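Which chain is which? They are A, B, C, D, E and F, in the order written, and residues in each are numbered from 1.
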Amino acid sequence: MATVADILAFMDTIAPRYMKMDWDNVGLLCGSKSKTVSKVLVALDPFEDVCREAAQWGADLIITHHPLIFRPIKAITDETEVGRCIQLLCAKGISLISAHTNLDCAPDGVNDRLAACLGLSDVQVISPAGTDDQGRPWGLLRIGQVPEQNLECFLGTVKSALGCEGLRYVNSEKSVSRIAVGGGACASELENAVRAGCDTFVTSDVKYNQFWDARALGINLIDAGHFHTENPVMEPVAEKLAAHFPQIQVKISEFHGDCMKYY
Amino acid sequence: MATVADILAFMDTIAPRYMKMDWDNVGLLCGSKSKTVSKVLVALDPFEDVCREAAQWGADLIITHHPLIFRPIKAITDETEVGRCIQLLCAKGISLISAHTNLDCAPDGVNDRLAACLGLSDVQVISPAGTDDQGRPWGLLRIGQVPEQNLECFLGTVKSALGCEGLRYVNSEKSVSRIAVGGGACASELENAVRAGCDTFVTSDVKYNQFWDARALGINLIDAGHFHTENPVMEPVAEKLAAHFPQIQVKISEFHGDCMKYY
Amino acid sequence: MATVADILAFMDTIAPRYMKMDWDNVGLLCGSKSKTVSKVLVALDPFEDVCREAAQWGADLIITHHPLIFRPIKAITDETEVGRCIQLLCAKGISLISAHTNLDCAPDGVNDRLAACLGLSDVQVISPAGTDDQGRPWGLLRIGQVPEQNLECFLGTVKSALGCEGLRYVNSEKSVSRIAVGGGACASELENAVRAGCDTFVTSDVKYNQFWDARALGINLIDAGHFHTENPVMEPVAEKLAAHFPQIQVKISEFHGDCMKYY
Amino acid sequence: MATVADILAFMDTIAPRYMKMDWDNVGLLCGSKSKTVSKVLVALDPFEDVCREAAQWGADLIITHHPLIFRPIKAITDETEVGRCIQLLCAKGISLISAHTNLDCAPDGVNDRLAACLGLSDVQVISPAGTDDQGRPWGLLRIGQVPEQNLECFLGTVKSALGCEGLRYVNSEKSVSRIAVGGGACASELENAVRAGCDTFVTSDVKYNQFWDARALGINLIDAGHFHTENPVMEPVAEKLAAHFPQIQVKISEFHGDCMKYY
Amino acid sequence: MATVADILAFMDTIAPRYMKMDWDNVGLLCGSKSKTVSKVLVALDPFEDVCREAAQWGADLIITHHPLIFRPIKAITDETEVGRCIQLLCAKGISLISAHTNLDCAPDGVNDRLAACLGLSDVQVISPAGTDDQGRPWGLLRIGQVPEQNLECFLGTVKSALGCEGLRYVNSEKSVSRIAVGGGACASELENAVRAGCDTFVTSDVKYNQFWDARALGINLIDAGHFHTENPVMEPVAEKLAAHFPQIQVKISEFHGDCMKYY
Amino acid sequence: MATVADILAFMDTIAPRYMKMDWDNVGLLCGSKSKTVSKVLVALDPFEDVCREAAQWGADLIITHHPLIFRPIKAITDETEVGRCIQLLCAKGISLISAHTNLDCAPDGVNDRLAACLGLSDVQVISPAGTDDQGRPWGLLRIGQVPEQNLECFLGTVKSALGCEGLRYVNSEKSVSRIAVGGGACASELENAVRAGCDTFVTSDVKYNQFWDARALGINLIDAGHFHTENPVMEPVAEKLAAHFPQIQVKISEFHGDCMKYY
C-alpha cells in the first residue's frame, strides 16, 4: 500500500521542491509520512470546507496548491481558519501536502497548463531559472503565440476557456498575438512580459496602479481571476496521481470553486 | 494673487499633513511655493496624460491624491512615466501638490465622501487615530448604517452611486445594514471591520485570499474599484479650493477616468 | 459547566498575561475556548508523554508552564515532538494553556513559591516591573533572608527542600544569609543579584562562564535544576484551580519528573 | 547627428559603468537618450551656476564627475539646489550624464591624470579590482615614483602642478619618493597607501584624526583640495569627446573653480 | 587625598555625562576609580606622545576631550596606537577620563569657550537639548554677535584669536555680524546655523561639498581647524580642577599642538 | 631567541586561524609580537588568577583556549575582570594568545583529544568543514566507537577518564557503542550527532530542554563539564610548544581547575 511518503516522492517528480521560491512553505505540512493512503483529495486551497469534504469522503491525504501554513503560527485554536483546519485534519488523521511555487514553475505545472488552456502555441519559459533532470527549462512565466486578433476576441477566448464569470482588463490598443501568462498574482512580473516582447499579459489579483502601468508600458493586461488561472493544473495533477497509484482513489474537490462573484 | 504656498496652507486645513501615514510622501512634490497661481487642475493621479492636460489648459498647479513620487528616485529620464511627468511639469513651470493618506484620514476626506456617496447614516471613524483642531476624530475607515437590505440590493446601490462599470464581491450570507468603507486598497483592514460589528465592507484592489478571508470571517466584501472609491473626494476638494480662492480657476481633470474595464 | 474560556480568565488572575516577556508565547496555544472542561491535567512541560497521560486520563485541558509552541512553526508532522503533541491533542480534543514568564513574574508564582520552599523570610521582588491590580509588586527575581549559615549547610537545605538528586555550585567563600532566587534559567540575572546585595543565588541551567563570573563577583551560585526550581509552583496552581472550580477534577501529571540524572 | 545615447555609449568606453562603487549613482541622471546633441558642457560638479552656464551657452548635455542626484529624492522643488538644477535642466531640455567613481577607477581617469600631473613615473594601480577589456588593471588609488626629495620640495611641486591656492599636510619626517594618490576624499585609504610602501599620500578632505593617523603610521599626508585633485581629468574627457564627435562643440565650464579659499 | 572617583564626580559637574551623544564613549576609559591622584595631565587627545608625557611627568590621571577608545576594541597590541597607549597607561598605572560630546554641549564647555575666544556677545545655545540642574540651557552649537564687519576682517580675528596657522573658508558675500560656532567637525549642522539666521559659521574638518552647500545657502563658512576650535576649553578645565583640588598638580600637555600645517 | 611572533606562527600550525568560527576572536589579543619569550604559561582560560600566576612565575606569554576579549570592549578599568586582566598583563609586559574555535576544530585539537581520552576508536570528523594543508579533514564534532556496553558502564569511563567530580546525563535506553563528542558547549549540535547515527553524545553546559530533546530523539546525552571536556587539549599543546621551542619553559597553569562543584 502506498504511503504519504510515496506520494510526497511522486509529487517531487511533478513539482520538485527545489523549484520553490525562497519564502514559500511546501511539502508535507500536516500529518505523517508513514500513513498508508487509499483516498486522495486534490484542491487548489486548504480551506475549511475542503478539509470537511476530505473528512466526509474519508480521504487520507489532501494535496493543495496553496500552503496550509504560510506565515509560521504560534497557536492552533478554533479562532482562526488555519487552526480549525489543523484540528480537523489531526482529529481525522488526514495528512496534507502542498505544492505551491514549485508547481507554478515546474514543466507541465500551473503556467504550462494555463498556456495550454488558452491555446497558446510555441510555448516557452521566460527567463528560465534552470533546467530539470530531463533537461527541460523551468521558471515562473510562460510565453506563447495566438493568431493575431483584436483584444475583444481574445477576451472572449479567455473567459470561455477558463470558465470565468467575468474579467477585468486594460486595453492598451495593441492587437493580440504574443501572450505572457502567469497564474495567480503575477502582475509584478509586468515588465518582464514587456521585455519579452508581449502585447498581452494574463494574470490575476491586479492592482489599480498595475493596470495603469500596463497602459503606460503599452501592453494589454487581463485579470482572469486567481482561481481560474491556477485551477486548470489540478486536473492533470489528479490524473498523474491516479495513473501512478492505480490502487488509490483520487478526487478533485467538489466543493472548491471561486467564492468571488461579479456584479 | 495667491501663491502655491497659500494653496499648500489651505490644503493643510482640508488634509493636515500630520494625518499622513509614516511611509507616505505628500505636500509640494514639484515646483515652487513662490509661484502665483491662476489655474489649478485637480485629479486623482499624476499620470502623464493628466500632466499634458494641465499643460494644455495652462494650469499653474496640479493637486492629486496619489503622490507624484512614491519611492525616492535616482534619475529623471524619459524612460519612466514619473521622469516624463517631472520633465513636463518643470518645462511648463507647473507645481504639483499631493494629499494622499492625509486626505484618506481627514474629516470630510476620501472615506467620509465615500460613506456619503453610499448613503450611510450615523457615520463614525473606526479606531480614531486622534482628533483634529476642531475636535473631530480622524482615522482611516468609516462605519455607517443603511436600512437592512439584501446584498443584491446593496450591490445595485454601490454600482450606481459610484458609477462603477462592474463590481467584484463575496457573499457571506449576511443581510446588509452595518457597513465599513475604505477607499482604495484597504482590504488588509478586514478584521477591523469585523471587530467593529460590520456585515459588509466596501473597498478595492481585493486579492483572492482576502475574498476567502471575508467568507471565513462572515462578512460581505465588495471591491468597487480603486478609482471609483476614491474619486468622489476630488469634487469637494475642487469646490473648497474654488470657494476659498475665488480668483482662481479650478477644474477637475477631464481626462482622468478608470482605465480598467470589465468583460 | 466551566469552559476553557473560564479557566483562561481564571489563569489571568493567577498569572496575568501582561506580565509575560515580549518574546514569550502564552495563553491558549491549542484547542477551543468554547469547550467545556471536566478534567484538567497540570504539568511543567507539554511533553509527548504528558499529552498521552492527559489522553489516557480523559483530560479536556492541559495547563503547562512551558509553552507548547515556542518558535512559530511551519508544519505539524510526526517528525517533531511538538507536531506529535499537537496531533494527539487535536485528535483527542484536548486544549492546552501555557503560563510561562507571566507565571514566573506573578505574585505567588514560580519565584515566590521557590522562595517559600527554601524557607526565605522577608521576601521581596528585585527591581519590580510594576504592581498588579491588588497593588502587589511583580517581577522576575525574588530576594529573601535565611539565618546566617555556611554554604554546605544551605546546600543541604536546597537539595532536600526541592527534592533534587544533585546540585552544582560555585563556592565564593561567603557565608549564606541574603539569597536571590530565579527558577529556571536565570543566571543572566547574576549581576542584578549582586547589586541587590545577595551572597547567594539559586537558579538553574548555569553555564561554565557563569560559574566563573559568580566567583569573580564574589557570590555563591547554585544550580538546583530547571525542573526542581520551577515545579514547586504547579501544586498551588492546581489547588487554586480546584478551589475555584469545585466541579472540575484537577490532577498534577504523574508522569512528569526530571529526566536528567546525576552520576 | 549624435544623440545622448551615443555619448553615453562613448562615456562607457572612457569610464565603464561596471567600475563604479556599489553605492554610487552614475550614467544618464536627467533628460533623454534620444535627444540630439550639438553642444556639451563638461564640469566637475552639477552646481546651479554650471546649469545656468549650460543654459546660457545653449548646451544640450552636461557631463559631470559628481552625480546630480546622490541620495534618492522625494520632491523636486526650488527649496533645494538639486531641485532647482533639475527644474532648470528640464525647462531647457538639457540632459546630464555623470561619471563618478567609475571615472575615478578607470584607466586614464581621475587618478591616472592626477598621477601624471604630479609627474609620477612607473605608475601602477594599488590592489586592482579587475582588468578592463583591453587588459588594463583598474581600481581606486595609483602609486608612482618621484626622484627622492624632501617634503618641502614636493609640496611646492604639488601646489604649482595642481594650481592650488594652498595645501594642508602633516610631515611624518620621511623623505619623498614613493607616492600614492587618490583624487577627492580618499583619506580612508591611508592604510592601503602605507601597506603599498608609500612615504607620501596625496588626497583631499582630510579630517583631523586622519592627519594624526598618518603621523602615527609614519607617512606624509597632503590635502591638496577636492577640486584640484579631481579637476585635471575634465580636460582629457573633453578632448576625447571632441575627438570622437567632431561635429559636437565641447566646452569645459568657465564658471567652475574651487569656491574654497585659504587665509 | 583625592581619588579618580572624586575627579570623575567633579568632571560630571563640568560636563555631565547625560549630555553626551548616544554614540559617544566617555567617563573613566582606563584605570581605577580607587587610585589616589596627585598629578593630572590635561590634553585634547589621548595620543601616544601625550601618554608618554604623562608617564615622564609622573601623572596619575589624564583628562582628554577625545575618547581613548572610540570603536570598541578586540585586542590590545602594540600594532595600533590605541593598543600602545593602553599598554603604557596600564604599565604606569595611569588612569584616563574623557569628556567628549558632553563637554561640547555643556555650559562653559567647548563651544561657549570658542564663542568667548572669538569675542561673541549675547551668546545663546541653538536648539537647546535641555537645561542643566542650574537651569542653564545646554546643546551643541552657540550663536552670538560681533559688530558688523567684512569677512576679511573677521578672518583676521579668528586666526589671531585661536592662534591658527591658516584658515580655509568660503565667502558667500555676506557681511559678518551673527555668528554660529561649533568646535570640531560640526559642518553637518550647517542648515541649523542658517535657520538660526547666521551669516557666518565657524567650525572645522569641512568637506568640499559642505563649502559649496554654504555658498548655495548664502552663509560664510570658516574652517579654523579641529584643534584650534576645541583646545580653548582645556585651559578652563585645568583651572577648575586646580581650584577644586588645591592639593593636586594640574598641567596642560606641553606636547600637544596641531600636527597639521599649511603650505 | 623566539618571539611572540614565532609562537603565534607555530600556533597557526596547531590551530590555523582560518578554522575559527566567524564570530570568534583569536590570535594575539594582548601584548607585542616583537617581545622575546622565555616562559609560556598554558591555561584553558585567561582568568585573573591565571594572569597573577603568570606574573608570579615570570611568564612572558600566556596561551589560552578561551579568548581574553570576547565582546569588543569600550573601557579598561578594574571594575571588570577582563579590565583587571589587561591591566595586569600590560603592567607586567605579558602577551596573550588565544586559540579557541580554531583549536576545537583542528586535527589533534580539543575534540580529537577528548575522543582519545574517552578511548574512542575509528575517530572521524562529522560534516568536515574542509581539509587542512596536510589533507586532513577538520571540523567541530568527532565520532568514534567503543565496545558495546551499557550506559552505566560508559558513565564510569567518562568520569574517570576526564577526572570529573560528577556527571549529568539523560538515559535514552540505548546501549553505548557509537559516540559523538563535542568539548565545551556543543549541545546545539545534538541533531547532527543523531543524524550521524550515534547512540551517545558527550558535551557540556547542557540545558534542561536539551536533555529532553535528547530523550525525544533517543540518544544518551552526557554533560561532562566544560572544563573537563576541553582541558585535555592543553597538555599536548604545551608539549608541542616545548618540543618546538626547546629553549623556552612551558608550564600548564597550576591554579586552573574547575570552580564548579557537585553536591
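The definition used in the following text is that a residue touches a chain if its C-beta (ideal position, glycine included) is under 8 Å from a C-beta of that chain, and two chains touch if they have at least 3 such contacts.
Every value quoted in this text rests on a predicted model; they were computed, and no experiment measured them.
Engineer: If you check the contacts of chain C and chain E, which chains show up for both?
Structural biologist: Joint contacts, listed by label: F.
Engineer: If you average the Cα atoms per chain, which one ends up farthest from chain A?
Structural biologist: Here the answer is chain E, farthest from chain A.
Engineer: Please tell me the distance, in whole Å, between the geometric centres of chain B and chain F computed from their C-alpha atoms.
Structural biologist: So the centroids are 66 Å from each other.
Engineer: Distance-wise, how many Å sit between the C-alpha centres of chain E and chain F, to the nearest whole number?
Structural biologist: Computed value for the inter-centroid distance: 47 Å.
Engineer: Could you please state the distance in Å, as a whole number, between where the Cα atoms of chain D are centred and where those of chain F are centred?
Structural biologist: Spacing between the chain centres: roughly 53 Å.
Engineer: So, what's the distance in Å between the C-alpha centres of chain E and chain A?
Structural biologist: Centres of chain A and chain E (C-alpha means) sit 66 Å apart.
Engineer: Taking touching chains as linked, do they make an open path (line), a single closed cycle (ring), a hub with spokes (star), an all-linked set (complete), or other?
Structural biologist: Here the contact pattern is a ring, one closed loop where every chain has two partners.
Engineer: Ring order, please: chain B first, chain D next, then the rest.
Structural biologist: B, D, E, F, C, A
Engineer: For a test of understanding, state which residues of chain E touch chain F in their complex under the given definition.
Structural biologist: 25, 27-34, 69, 71-79, 86-91, 93
Engineer: Show me the residue ranges of chain E that touch chain D in the complex, using the header's touch definition.
Structural biologist: 45, 47-48, 66, 81, 155, 159, 166-171, 184-185, 204-209, 211-213, 215-216, 225-227, 259-263
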